[in-house]
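We just call them A, B, C and D in the order they show up, numbering each chain from 1.
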Amino acid sequence: MKIGHKVWAIAEGYIPGYSNGPEPEMVSHETACILNAGDKEADVKITIFFSDKDPAGPYRITVPAMRTKHVRFNDLTDPQSIPRDTDYACVIESDVPVVVQHTRLDSRQAENALLSTMAFAVH
Amino acid sequence: MKIGHKVWAIAEGYIPGYSNGPEPEMVSHETACILNAGDKEADVKITIFFSDKDPAGPYRITVPAMRTKHVRFNDLTDPQSIPRDTDYACVIESDVPVVVQHTRLDSRQAENALLSTMAFAVH
Amino acid sequence: MKIGHKVWAIAEGYIPGYSNGPEPEMVSHETACILNAGDKEADVKITIFFSDKDPAGPYRITVPAMRTKHVRFNDLTDPQSIPRDTDYACVIESDVPVVVQHTRLDSRQAENALLSTMAFAVH
Amino acid sequence: MKIGHKVWAIAEGYIPGYSNGPEPEMVSHETACILNAGDKEADVKITIFFSDKDPAGPYRITVPAMRTKHVRFNDLTDPQSIPRDTDYACVIESDVPVVVQHTRLDSRQAENALLSTMAFAVH
């Protein structure tokens, strides 16, 4: 199935600087969940925007056909890691249609908090 | 009323592997809430996508006319149950227009956390 | 400003049956936040859908011009109150364009949890 | 990249009146995260709507080209601060396309809760 769009944006980005609870599931993290329901591999580029410096990236991700990949922003290291406790945003571009959803788990306090929203489908 | 779309996608899927609190309301779970506001029963097919293996399904759900059904992914067992602590995503197809919203209750820690978003309306 | 749509849907509805913390702000509740940014009063009808019985309503709400109203589903009583611990969904119809957002505060456990999403804009 | 829309709305607004935990990160707050992925500075006007009085604003924000700004409603003071424990909503207008996401951190109880959603893209 050809489902989704090729360009998505997430305006809210923030990786909390500390965590409570067992690793890796309870580490404070942000995720871009990417669904590629089509029959062609998706080459995905993520560009990170900051409040006070030039954008970073692109970070390159591959999502095989008929697969999902839940990308932790915490794990992005090439070309540079994403600083913690820092406001950011991102644009996600794919060469085939995908669907993108944004989630954060915040475990800075003893009990975790969650947020999630569909990303903004640009075109 | 004919309200909604026939194809929806949810890119974020994850059923936490453990829980705290009384059952069934405080069991960690994920839900696809489906609203069929029309006057014809909806035959719904859910296909589950994974990060590392072929899709599972379709899972078949019926939503009567003028009714809502809040489907717990935890309860889907035919053709196979959905593994816990595992990234997934899904595509939901209906033969009549419906509206789909995605919710998770995570009670792995002592106090529960919630997330929700409208699913992505494909067409 | 004429902003929004005249028909909206929320597929997820559930008022938790108990609460912790001071009233009224920490009572478990669900809200439909309605923004009427236009210069004409909005007459709004809410219809509630259930999993196992006929829809209830319409519930009638007025949102003055250039005002917002955050409607707690807990407070709807005419023609009947909405049962707690019960799955529901709703369709919201207005005679002028409005914007609708859905929020839940769940305080069943000692610490509250929150969810929110834009409602689905039908037309 | 020219990404987004020039007018956005958020129907849910509420800054909790008290907080737990270290400042500033754990102060209860609401944020409009604005991404300007284009190559022209964005002049942004925020108008706040209430349930029982005339709108306030516009509040003026500048988001440089290729930058994001996460605006805390708590910090808006000109022409007037936004009252706590008060229902509000807002319309956000930019002279160039931007993407807007709405987030709340509620730390009234010992453990924080989070909500987030894409704002409603008007045009």
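Throughout what follows, a contact is a pair of C-beta atoms (placed from the backbone, for glycine too) under 8 Å apart; a residue touches a chain by one contact, two chains touch by 3 or more.
Just so we're clear, the structure is a prediction, and the values are computed from it rather than from any experiment.
Under half of the residue numbers at the chain B-chain C interface are used by both copies of the sequence. Think of chain A turning onto chain B: fitted on CA atoms, that turn is 90 degrees, to the nearest 5.
Taking the options B-D, A-C or A-B in turn, the interface that duplicates A-D in more than half of its contact pairs by residue number is A-B. Pairs A-C and C-D differ in how many C-beta pairs touch across them, and the larger number is found at C-D.
With centres defined as mean CA coordinates, chain D is found 21 Å away from chain C.
Distance from the chain A centre to the chain C centre is 30 Å, each centre being the mean of its Cα atoms. Counting partners per residue, chain A has 110-111, 113-118 as the residues that reach two or more other chains. Those residues of chain B that touch chain C in the shared complex are 1, 3-4, 21, 25-26, 31, 33-35, 37, 66-70, 99-101, 103, 105, 107, 110-118, 121.
Within the complex formed with chain C, the chain D residues making contact are 7, 9-14, 16, 49-52, 54-55, 85, 87-89, 91, 102, 104, 106, 108-111, 113-120, 122.
By the touch criterion given at the top, residues 111, 113, 117 of chain C touch chain A in their complex.
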